[in-house]
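Residue numbering begins at 1 within each chain, and the chains themselves are lettered A, B, C, D and E in the order written.
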Amino acid sequence: MNDDLDRQNNNIIANWARKHSLWVLAYGTGCGAIEVPPTMTSRYDAERFGITGMATPRQADVLLITGYLAIKTLKRVIRTYEQMQAPKYVIGFGSCTINGGMYWDSYNTIKRLDDYIPVDIFINGCMPRPEGVIDGFIKLQERIARGQAKGWQHYQENLDWYRANQKKVIKNWTMPDYNW
Amino acid sequence: MSIKGTLLPFSALKFLGKKPHTVRYPYQKKKTAERYRGFHYNDIEECIGCGTCATICQNEAIDMIQIEGIEAKKGDSGLRPRVDNGRCCWCGLCVEMCPTGSLSLTDQYLHTSSDPESYLLVPGVDHPEFAEHLSFVKDDEVRLLDLARVPMKELDPQERVKSFAEVVVGYMQEEARREATRCIDCGICVTACPDHMHIPEYIGAIADADDELALKYIYDNNPMPEMCGKVCTRQCETVCAIGHLGEPIAIRWLKRYATEQFPDPAAVLNPTIAPANGKKVGIVGAGPAGLSAGYYLALRGFDVTIYEALPKAGGMTFAGIPKYRFPMDSLDKQIGYMEKIGVKIKYNTRVGKDITFQEIRKNNDATFIGIGFHVPYKLGISGEDLQNSIQAIEFLRTINLGGNVYVGKKAVVIGGGNVAIDAARVARRLGAEVTILYRRRVQDMPADWEEIEAAEDEGVEIIPQGIPLEIIGEDGKVKAVKYGMAEMVPDPRGGRPRPKLIEGNEHIMETDTIIGAIGQEADYSFLPEDLKEELKIERGRVVVNEFKQTSIPDVFAGGDNVNRTMDAISAIADGVKAVEGITHYLMDE
Amino acid sequence: MSPMNIIWMIAMPFIGAAIGLLYIGISRNITARVQNRFGPPPYQNIIDIIKLYSKKTAITHGVMFHLGPVLAITGTISTLMFVPILTGNYPIYLFSFQGDLILLMYIMVFGCLAMALGAGQSGNPNSAIGVSRGLTQMFGYEVPFVIALIILMVRFDTSSVLDIIKAQDTVAHWNIFRSPFSFIAAIAAFLGMMGNKPFDIVFAPAEISSGPPSEYGGKYLALMQTNRGLFAFVKLVLYTDLFLGGAGDFITLILKTFALFLIPLFIGIVNPRFRTEQAMTFFWKWPTAIGVVGLVLVLL
Amino acid sequence: MAALLTKEKETTLYLGPQHPGITGNMMVELKLTGDTIQRAKTHVGYLHRAFEKLMEERLWMQCFPIVCRICVPEPDPNEENLARAIEEIEGREVPERAQYIRVLMLELARITAYLMWMGGQSGSMGLYTMPQWSIGDRDYILDLFEELTGGRVYHMYIWAGGVRRDLPVGFKDRVRKVMDYIESRLVDYDRLLFENAIFLKRAQGIGIIDKEKALEWGVVGPPLRGCGIAHDVRKDEPYEVYDQLDFELITHEGNDVYSRAMVRRKEIEQSIHIIRQVLDKMPSGPIHNPGPNPLKWKVPAGDAYVRTESARGEFGYYVVSDGSLKPRRVHVRGPAYVHGIALLEHLLQGANVADVSFIMNSLGTCPPEIER
Amino acid sequence: MDSKLIKEQEIKRNINNAFRSAEVTVVRRRRISVRFRAGILPAFISYLKEYMGFVHLVMISCVDWLEDNQFELVYHLWSYEEHIHAMIKIRLDRDNAQIKSLSSLWPHAETYEREIHEMFGVDFEGHPGLTDLILEDWSDLPPMRRDFDTRAFVAETFEWRKGREDAQDVRQTISARYGETIPEFKKDK
């Protein structure tokens, strides 16, 4: 199975297309969502790079975790992430995804996003400026082109570890199991 | 559906012919604002590692860490901030709070990485190029830290020259709270205090309106706060973090405030005295060093006897400090408390005359020498032996002992140290016109600038760069002093500039008294000859180890006759350290 | 059936899809300019589709769910087979026959129905609502569309598209001028068919996520996007044939179809979406009325 | 047809939390028969960060960087409210210039919030040109914020005793320029959105708030003024220097989405008007009345409730101090708390499923301030 | 008293005429604060709403006075006519916090009460549904109570990113370097 995944990751044409067509799931999980509209709209116009919003997880390639995740949201984010079709990428926005940020002592937000879902790119800032967001996308594109954006693969391979982390904070796990 | 409403929207199509306003990042970059709050930059040379940034950070994003190449020193903890950008929210509170102004935010904001571990940044060390990009810096107008000290009330100069009444009034409760509130609890002051008092703790206690707690912290390693609160040379304040951009916290005045609140320290401290351990310690000299050693030894259950030549304890703090700075009743309160604890002081007992040093050594298990520097240096010019040419240290001692000294209508004090200023101000109080003659410039004077200012306020004239050449006498009495003006030349060895006499620029000033105050030395005449050889003395100072132990194992030493700082707090520190040494020496077999 | 025709038959779906996608790409650019920005490159949609085909797809909701997009694109391709594309010196018309117009009326619905079936099985309530909306809307625009076609059929007394094209030999004979009522009714239906605003009630992202395709992703979505491009091309060609006199060569074809394409595009840029019942009211009110008037005029 | 639909089985539709029509991150659970909503239930808590708890753990000064995160599209009322509440408990005066600058900030923030709302409102019905324009134009105001405060979105600019930095050189002119630009753009907005026939058709008669019950339902801000009831904190209980400024209180009859939209649209003009006055009248002088060292800052025991008219209505802070270094309790009253739960659930009853997002936007629902 | 406070004083008189036990304080212009007892709160509030013009329920706050073992519920009311804000303060026993619901008076009181129930554990009698509002599957103490330690909870539940363990406390570093031992004194107060 891994060979298959690696082949997928190293397909130059596919990677080129993936790089230039990043569909972002319209999910404002946190306050970082406020800098997404300026990025997507006329002043910064991320659509120049083929980055555009998508309404449902089935269609999206990129999941933006715009900041902190409340535990209640985390549950939905995991569900959403698993519904997305591989190859899929996660971008973590801002400090709170890296080490808890401003909410480091809040009982209701997770602190390290990459414990729960694989993150391909972290963007620094609180909030990241639109330039930062675009920079994050460009970095992601570079990684995709080089076949390095393998977060989704890591998730599949280390599902147990991720699950254990997820179930540690989500008390009532009422979700269907992995279904891809 | 109106026709107008259906057609008007189509006017938007006019934008087809217009150039879009899109900023085509990354091909086209928009400049960030001048005040943009991006990544941190820290001028690590200027930073003193006070950790205020780490304290104020509500995200606990800032750690203070050891960095290669940065050494801890006086006024510098040796730590530097490291920012966790996985926590930071770039609010800039750290910048506003930075007491030195070394921390700023830059206009750099891009850090995109797939490695979440890469978000730790030591500002100033990582990315030194950010120095060119400073944007959000400290503002001069808007400050969070209160940089202005609560002014200390003093007697009017005209009033104070009339008597020996204490010049400084002391803080009222509310003033002390306000002043204590300015403190940022960094503890940098502790690095400079020779005694390493618990300064942030007691200031914090004062701010919290808990003066008793403050007193407990103070007495933890300083048994003479009454004195220190009034006349300490306060090296702590010279390194105070707040002092980098503003006026340092009035640490001395706060200590003074704390001690003044309680007429009887014993009632507050209620010290627990260890049961007698049967060991005896003899101390030569009831100066700060001897008293401190005696106090803490007594608390530890030692049998302590202090031998003092003068009829009062305190050493130089009694004999050398004028009473308008350190009133007698404060000293009495201090000594009274110590004697209450069980420190025995034998007054009017000059070692070497009334009792031999060998006797003391024989009677005690350990001995501490804290004799201080009480023998003045000679001026070394002709006419020095004339009547009315006196030594400041002797002058002050006589006055403090209640004696009388003739100063006449006009007195000239030679020297620029604290003793010189004290002598000048005392002479002023005795009714004389006083001039201070000093070899170097005013800014070179080793005396406290506050003292110099106070002296000037009181009408003391200072002639800087004046070198006395000769004391001219008449009828065996001083009549005038001849001095020459000097210019400052750089020291060939790289030291501070030295005065060089200008040929032919000589003046004569009439005076009734000459008071020499160019320094003192110790008098080791009490030592028997065999010990003089055994006891290692270098340049007039007893050589001791870390625990103030001399080359003779049972003899310890401290105070001016040991350390170069030559101030009361160093002497106290010596005493406190010696207690450790003596305990170690006597109790650990 | 000449060998040439067989080649065209195989090539045309690809060319059609490419042109359709390119149009949609250009439309994104035009939209962007109106919106005061630059927008993606015109070939963006093609990249999107390559990417979608390269995605792993692991969604299972039942047989019909898988078949939906396949049937949809089959429907579209078969529609393409019956639409005359070029009529000039090198004509491309694959399966044109007498009465193909009537067949077209049915076969064009086929794709949509297939989609509806597939999406309906996904179990996503958004899809379900989207499907019901789509079917409702189809009811809506089919009425003026059929009326418009009937007008043409009655007028030219034929149900062959080729015959209608032949009747429009000069610019002045184009149906857009000769039977404007029919054109208006048909273009209104066209707006509905293209699913641009104000008639994108089927997909309506802010209301029902993206409607029927909510559960479709990866390769399925690629298929649907291809279908979308191809279907747009088919519709444009059909309308060109019916109202703009067809096209003799590719350049004319592209000019005419693009001109037609701009109409729903411009309307879509500046208008919000109707609610379902408002859309229905719209279709059944003005275009139908105009169509009926036109029909009456023709019948008289 | 309608009779047939009502007999249809009731289905449940979960709108959100991941849904493009939802403002922010929340969920609306809809019980539908056909297209009609029978019952609606709002689920919130997806953005709960426990600010009020965090503030109990923080020094008073450390609260300021935190509070602006409570309402993301319009953070300034938070800072201003907290500052003013503390000032009220402490009895600290604020220099007049600082008050003018605060009003400037609040009004600029109001415009940004309205531009953002404009994007959301038209985006919810598929008019995507509008958000592209209005959010793009909003960026110019964000540039102003950045210049004044150093931050684009989160300003952390207003604090107890005044504001943090004085206006940069030439800032007033740039504000004027941007205001002129926004004013010129209003014509385009009108043509595209506010006069658009389809918008009128969709917005009129939708989401009707019962005028008689509006006050009782706790409706505030533009939705209240959209019912023709003239209440505005800026007039009812003037704070900062609003009583020295001349502006009109906008009301609009109709009680529906359209009237709420028109209130907001006209208030942009009023805000521009206020900003121009502020720029003209702003006195010179200090901008900060400093307090004690933040590390040892104890606010005297007491409590205060202060309110601000935010872009969504009355925004209030109830601050309780027990005289210690940290707040005892800070309770935030976001207008969306009432609008987004009780009122939204009420308005959605009987509405068409197509209008959920539309109505939600018109109420200015802002989840982060609901759950804080 | 300031002449500007006429309205406030009048309201105070009126309230005291109707409810003798209400302790009314005029805080400042436009602010009055009323201490009241929990028992007949709904009657009092509905009196304020119906007769005194306090139609707008601004919010309901809850303050945990752990030291007194009490919760303080603060009902914020606003009168649009008089432009006066009234804070009705009720103290409840912390161990058995129960009070009558006001959801019949204002629909949005329901939401506030739900939140207070969830965050503090106060029970509201007659509330139509005291279900979770914000939290999900919460099993710990109600988090806004002061005895719930969020930092301890976080340390237990989540993990910080490694790499910051070398952090030093400035004060400790200095005292260690100079051999200073900072004594710890018991605070008597």
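Just so we're on the same page, a contact is a pair of C-beta atoms (placed from the backbone, for glycine too) under 8 Å apart; a residue touches a chain by one contact, two chains touch by 3 or more.
Here the structure is a predicted model, which is why all the values come from computation and not from measurement.
Drop chain E from the picture and the touching chains left over make up one piece.
Following the contact convention of this document, A, C, E is the list of chains adjacent to both chain B and chain D.
Of all chains displayed, D has the C-alpha centre closest to the centre of the whole protein C-alpha set.
Among the pairs B-E and A-B, the greater number of C-beta contacts is found at A-B.
Each chain gets a centre from the mean of its Cα atoms; the one farthest from the centre of chain C is B. Averaged C-alpha coordinates put the centre of chain C at 43 Å from the centre of chain D. One finds 35 Å separating the Cα centroids of chain A and chain C.
Each chain gets a centre from the mean of its Cα atoms; for chain A and chain E, those two points are 38 Å apart. The geometric centre of chain C is 61 Å away from that of chain E, both derived from CA atoms. Residues of chain B in contact with at least two other chains: 9, 12, 20-22, 24, 58, 84, 86, 89-90, 116, 185.
Counting partners per residue, chain A has 26, 41-45, 48, 55, 57, 72, 98-100, 102, 104-108, 112, 126, 129 as the residues that reach two or more other chains.
Across the assembly, chain D contributes residues 19-20, 45, 48, 50, 53-54, 57, 65-66, 129, 132-133, 136, 154, 192, 196, 198, 201 that each touch 2 or more other chains. According to the touch criterion at the top of this document, the contacting chain pairs are A-B, A-C, A-D, A-E, B-C, B-D, B-E, C-D, D-E.
Every residue of chain C that touches chain B in the complex is listed here, in rising order: 30, 32-38, 266, 269-271.
Chain E makes touch with chain D in their complex at residues 30-31, 55-59, 61-64, 74, 76, 80, 83, 85, 87, 106-108, 110-112, 132-136, 143-144, 146, 148, 150-151.
Per the touch definition, chain A reaches chain E in the complex via residues 71-72, 75, 98-100, 104-108, 110-112, 115, 168-172. Residues 17-20, 24-25, 45-50, 53-54, 57, 65-66, 69, 72-73, 116, 119, 131-133, 135-136, 138-139, 142, 152-154, 368 of chain D are the ones touching chain A in the complex. Interface residues of chain A, counted against chain C in their complex, comprise 8, 11, 13-14, 17-18, 20-21, 23, 26, 41-43, 45, 47-50, 52, 54-61, 84-87, 179-180.
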